[in-house]
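See the structures that follow.
Each of the next two complexes has chain A plus one other chain: chain B in the first, chain C in the second.
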Partner chain A sequence: MLLWIVLFALVTSPLGLLGRRTPRPLIGWGLAVLPLSLFVLLALQIPLIASGGRLDEAVPWVPAMGLELRFSLDGLGMLFALIITGIGTLIVGYAGAYMANDAGLGRFLVYMFLFMGAMLGVVLAGNILTMFVFWELTSITSYLLIGYKHDYPDARRGAQQSLLITGIGGLALLLGLLILAAAAQQVGVSVADSYRFDALIAAGEQIRQTALYAPAVALIFLGCFTKSAQFPFHFWLPGAMQAPTPASAFLHSATMVKAGIYLLARLSPALGETLLWNGTLVAVGGFTFVFGSIVAFRQYDIKALLAYTTLSMLGGLVMMIGLGGKYGAEALVTGILAHALYKSSLFMVAGIIDHEAGTRDLNKLGALRRYMPITMVVTAIALLSQMGIPILMGFVSKEWMLKAALESSLPDPWPLVALIAIVIGAVGYIIAAWRLFRNAFLGEPSPTVQTHHLVDPKWSMLLSPAVPSALSLILPLGLLPAVSSLLSPAASAVYGAPFTFELYLYRGVNTALLISLGAIALGVLFATQQQRLAAHKIIASIDGAVVFDKLIEGLLAFATGMTRMIQSGRLRTYLLYIVLVFMLFVGTPFVAYGLDDIRFVLDENLRFYEVVVTALIPIAVIATIAARSRLGAIIALGVAGAMVALIFVLFSAPDLALTQLLIEVLSTVFLLFVFSVLPSRFASLSPAWVRWRDAFIATVFGVMMAMLVLATSSNTDFPSLAPWFLANSLSEGKGTNVVNVILVDFRGFDTLGEIVVLFVAVLGIYGLLRFRRVKPDVRTSGRDAQTIMPGEDPVLAGNGASPSAEHQVSAGVEPQRLRKSITEKDANDV
Partner chain B sequence: MSILLPVAIGSLFAGAIYLLLRRSVVKLFLGLTLLSHGVHLLIFSMGDGLRRGLPPITAADGSTLPGTTDPLVQALILTAIVISFGILAFILALAYRANQAVKSDDLDDMVTTDRL
Partner chain C sequence: MYESVILRTVARVMMPLLLLLAAFMLLRGHNLPGGGFIGGLLASAAIIMQIIAFGPTFARKVIRVGYLNMAAFGVFFGAFWGLPALFFNLPYMDAFWINDPIPGIGKIGTPVLFDVGVFLAVIGVTTRVALLLAEEPELFPMYVQAETEELS
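After this line comes the complex of A and B, so read on.
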């Protein structure tokens, strides 16, 4: 069923294109049936999950390597899946109304459905590789949604930033997950199981002992922190507010940014309970929490303000995972639910205000209470929940966060750090919420906003924020036992062992309650006194986005410089790289294993003529290099080829010798023909130090190859393949000339490939030589005509035998210049 | 194995690399030729020992003769020789055309084919 849920969400995404039809609001709510049906389907499983059960499904692919599509549903997955499909239903309906006049609604809805499927895949995956695939898919769909208004530079910039940041994080995450699996394999988990979440959690204790634990955690942190916008990777989230408001409400408050939280929570039982894990999470989460809430109340754009409070809350949730223990788990799942409800509602309200009043700027709004009373009530409830005012869901959530800090078993500074962070964060929330509410709904009407047609939107738009807002109030008042039974299995999954807990609003006076009330009082004081802390200006001035842009600029400049340096456009430079890398790889084993196994022996049966033949090869090579004239080089080259052929003759390879001689003769004929048109003498083109450097590299390379031959021939670890071919030649290949049988039978496809290569070479040569004759039109333009026509002369006139430099010069475009340069080259001849 | 053949192979490779790193197209060609010789002998040396006067054939009834040499490397080299010939012929044609187009043997002068 889980597989079908994910598939259904992905496969039905093209239905979003129905959004191109009118009437739009109805299409939105009509398509909302899709996520709603998934929500209902999942909700039907609640009794099973609440009773401690779980669903597990797998489609094996390569079981031996742990590659499979595995989905499982437990408490944590259920909580997230319900939020995704539930909020998703509201968002899709809302988007239909919000974007009723937007021609791209269809495209937008397709992206949204794709994203929803990907997100469901992340939270339902039971295999870390399955999870990773969907994780990346959420990054890509998020990119498409943020860049939805692609004709705006800000949208493109925001989209690119988020993709780069989450993409880099994704790579780190993949590496971290693979290291994690490797660690599991080290402690005895089978390869097939080592990619499964449940197996990893079961082996958590041993994994934490391995040396791979720290790098795996560091990389997984990088992946999760980028995804969940933790400091210092937070800046892409405000940038992502360029997405249409429905996408912001869905992705960047309720779902995608919580993927990092989800994964941390999911892996917490496997990797938690170490100072590395808990300490880092509390420190990073706590800082993000405080940072976000302080920066938030400086914002004028409602969406930016909400983005920073989201950032802050994500930090708070990360901190809860860090605090650990049962209370940490309880606070985490409660916080996720509370935040998803009030923040999605607030984002949608921001969209409504933008839609109706035409602006989201808090300085330009005011007195909306007179025109949009229902919107005001919806906003007020959600804001009160965010502020953590009693009897709302946010209050319960904050109560539990305080409890988690107070009851934490972490070593000393951390619980206190968390406690202070929560109090400062809570104060910041109140100031931010108050600022939003006062500037938007209270005061006098702003002159910049046209008020005569300002009214509450239609139900099709208002319903979506109203539902989660109302739930923020209804759930704590009447449904806490039901909520507890939903959250208990989720908290159990985070904690690692089954347990149940009861949420409550009030159960006597305790420390948490007092701190909570104190924070509220402090916040109200600050908010109403209009006082501004000096500190927040400094913190807010750290604009990560600017730093990021500078980093990217620097990276591009670095890449350009490297490219200029490495990609010289010269063949010999590239060859040099290849040779050096080759030497590095061939040379390393020699250095690593020493030269002890290499035997330097002189064959006692060595004949005189063998010595001569073999010794002639180095001499011929040196002669080829040192030759000043082309003809000398060709002769020396011919000697080398002939000696190679003789070696084949001497050591029982008659076929090779025959072929080699034939080819040698042909090559020489071709060479003489072609060289006849080239200058007869070599010019010395490179400076002396380059020649010495190349000579050195070449010598080292040659010595290395000689050593390689010696080393391989000294090696007797591998049996020869020869006896098999000899034994099976007649029976399998019907021939006694074994070399021929191998060529045409055993390795027949090699020979086919050889024929293809020859054929391609022939085509190429034909094309090259024919080309000049099919371009007569070029000659009509003066300069080109001079270049090409004389080039034909030496060949056509049979003048090839003495193609002197003078001839070349007389044919040249700029005879004076060429004559000069060639004379110079001749003078420099080695 | 005798020390002589490895020295010959090493010298072929060294000469090939030196010539390949030159600016002249002709030297590039010479280097490639030496490189293919070196590779052929390298493969040859990888066989089941070098033997004199023992052709890689079996008896008429298919039984293995008392002394034979490794047929596999010979088959591989045979393929390699023909392929390297094809490539060298192509390079030659290319050098010929390039010389016609830019009137130079220097690879650094070949910055454009527009004049072709």
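After this line comes the complex of A and C, so read on.
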């Protein structure tokens, strides 16, 4: 069933194209049935999960290597899957109303559905490789969503940043997961099982003892921190606010950014309980928590403000994983639920305000209470929940966070660090929430507000933020036992052993409650001063995006330099590099290990003519090099080729001989084509030392190749394939010409690859000859393409920064202008 | 283009023979020396001989084929005959054969058809490269001259 859930979400994504039609709000809600049906399907499994069961299904691919499509559903996966499909339902309906005037809604919804499928894949995967595939898919789909408004440079920049950051993180994660699997294999887990989450968790104790543990954890951290926007990788998240608001509400509050949290939580029973794990998570999470909440209340853009509080909350959740223990797990899952509810609601409200008032700038809003009372109530509830005011879900969540810090079993500074972080964070949230509410809904109407005809939006739009907002209130008031039974299995999965817990609003006065109330009081105190605090200079944010841009710029400059060095445009330089690299990577191990294999046995039955034919080859080669005229060189080369063909004849390989001969003829023709207009004699342009260097390298390379061939043919470690081919050619391949049967049947796939290469080569030649640009002066016009303006799209600028204009392919230029008489230098470069 | 009577006469006579030989090589390849690759090289040699003897414009007129398309079709055709195996849950490119040989052609199976794809791809690629070189105005201005005159 799980496989079908994920597949269904992915396969039905093209239905999003219905969003091209009108009336869009209706279609939006109609399409919301897709995620809703998945939500219901998953919700039906709650009794099973609540009773401690789990679903597990796999489609094997290469079982011996542990490659499979495995999905499993446990408490943690269930919590996330319900959030994804539940919020997803609301978002899809909301998007239809929000983007009712946007012709691109169809495209947008397709991306959304794809993303949803990918995200479900991440949280339902039971195999780390399966998970990784979907993980990367979320990066790609979120790139598409952030860059949805691709006419805007900011959107492109935000999209690219998020893709690069999460992409780099993804690479690190893959490496980390592979190391983790290797560590599991070291401690006796079979290869087939070593990629399964449950097997990894079961072997966690031993894995933590291996030397591979630390590198694996470091790399997994890198992957999760980039995905979940932890400091110092946080800056892509505010940049990602360029996405249309429904996408922000879905990806950057409820789902994608929580993928990193999910993976950390999922792996914490396997990798946790070490200082490396807990300490790093508390430190990084705690810092992000405080940093985000402080930067948040300086923002003027509502979405940016929400983005920073999201960032902060993600830090808080990471910290909960770091605190560990039962309370840590409980606080984590409660926090995930509470945050998903109020933050998605707030983002959608931000969208509504933007939609109605035409701006999200807090300085340009005001007095919306008069025009949009229902919106105000919805916002107020969500904000109260965010502030952690009693009887709301956010309060329960904060209570549990404090309890996790107070009851933590970590060594000393860490629980205190966590406690301080939570208090500062809570204060920051209150200031930020108050700032948002005051500037948007209270005060006097601003000119912007007055010029717009403001009313509460239709229910098709308002319903979506209203539902999670209302749940933030209803759940703690009446449904805490039900919520607890959903969250208990999730917390068990994070903790690593089954247990149950009960959420409650009030159960006597305790330390956590007192701290919580103290933080609220402090927050209210500061909140009245919020305008002054926001203007305070010391609370300046470190703009990571600027650092990132500098890094990317540096990387591009480096790449350009490398390209210029390697791509000289001269065939002989290319050959030189290829040969040198080959000698380094093949020659070095060969000299170190392979020389013993060489055995040279002279055949006693060697015939006189065989010697003559063989001896003619080096003579012809030397003649080619020594030739003064081009024609002479071609003829000498032809002799060498013909002699090789003759050797094939002598050693009864007629197919090879035929091919060799034909190739020889055709290449002579081609050479004549090219050489016919070149000066008949070679000009000598390179200095003597270059020629001696090339001769030396060529000789060493030639000797090495000869040795390699000798070693290969005299190696006896592996049985030769030839007898098998001879024996099976007729029976299996239905042909008596073994060479041909190998070509088209036994090794047919190789041949297919070769003809594809041939085709690509002809396309390359076509491009080289037909779309040439007049060679400009490289020093002047080549430079223009190199300079990358900071604001420019680095990808486009990167393309412009190819080595020099002389290699640029330009298809659209008029052919006549391209033609220019050939120069002596060109001729020698060919 | 070399205005040589001997070359032209030989080329005129040889071309059909060479093309026939190419087809022959292709078909007998499975049991005797030959095959798609050799056949393809032979066929393109025949066409290139026309290019040398009569010039690219004439060679194009004698055989009206788009060689780039031919190469692309060859690759596609070759890849296509690997597909049937997938329908029988076998690995890509597993062979199928018709039991009885067809008189004059021999046994037919997917590998032979794949070889035809190779044959076409090789002809297309080799001839296209030769044509590109022969029609390169920097190398052979006179051919381009002739071509533009013809167009106008």
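Miscellaneous remarks
By our rule, the second predicted complex is superposed on the first by the 553 of 830 C-alpha atoms of A that agree within 3 Å, B and C clash if a C-alpha of one lies under 4 Å from a C-alpha of the other, contacts with A are read in each partner's own complex, and residues count from 1 in each chain.
By our rule, a residue touches a chain if its C-beta (ideal position, glycine included) is under 8 Å from a C-beta of that chain, and two chains touch if they have at least 3 such contacts.
Just so we're clear, the structure is a prediction, and the values are computed from it rather than from any experiment.
In the superposition on chain A, A:692 contacts neither chain B nor chain C.
In the superposed pair of complexes, A:752 makes contact with chain C only, with no contact to chain B. Shared-chain residue A:669: touches chain C; no touch with chain B. By the touch criterion defined above, A:4 reaches neither chain B nor chain C. Contacts of A:659 after superposition: both chain B and chain C are touched. When the two complexes are overlaid on their common chain A, residue A:61 makes contact with neither chain B nor chain C.
Looking at the shared chain after the overlay, A:504 reaches neither chain B nor chain C.
Contact with both chain B and chain C is seen for A:736 once the two complexes are overlaid on the shared chain. In the superposed model, B is the one of chain B and chain C that contacts more residues of chain A. Of the two partner chains, chain C is the only one that A:770 touches; chain B does not reach it.
With the contact threshold set out at the top, residues 654-655, 659, 663, 666, 670, 674, 677, 736-737, 739, 743, 751, 758, 761-762, 765, 769 of chain A are in contact with chain B in one structure and with chain C in the other. Considering their complex, residues 654-655, 658-659, 662-663, 665-666, 669-670, 673-674, 676-677, 733-737, 739-741, 743-745, 748-749, 751-752, 755-756, 758-759, 761-762, 765-766, 769-770, 819-822 of chain A touch chain C. Residues 1-24, 26-30, 33-34, 37-38, 40-42, 44-62, 64, 68-72, 74-79, 81-83, 85-90, 92-97, 99-101, 103, 105-108, 115-116 of chain B touch chain A in their complex.
Residues 570-572, 575-576, 579, 600-603, 605-606, 610-611, 614-615, 617-618, 621-622, 624-625, 630, 633, 637, 640-641, 643-644, 647-648, 650-656, 659-660, 663, 666-667, 670-671, 674-675, 677-679, 682-683, 685-686, 694-695, 697-699, 701-710, 712-713, 720-723, 725-727, 729-731, 736-739, 742-743, 746-747, 750-751, 754, 757-758, 760-762, 764-765, 768-769, 771-772, 775, 784, 787-788, 791, 808, 811-813, 818 of chain A touch chain B in their complex. Taken in their complex, chain C has these residues touching chain A: 29-38, 41-42, 44-45, 48, 52, 68, 71-72, 74-75, 78-79, 82, 92-93, 95, 97, 107, 109, 111-112, 114-115, 117-118, 121-122, 124-126, 128-130, 132-134, 136-140.
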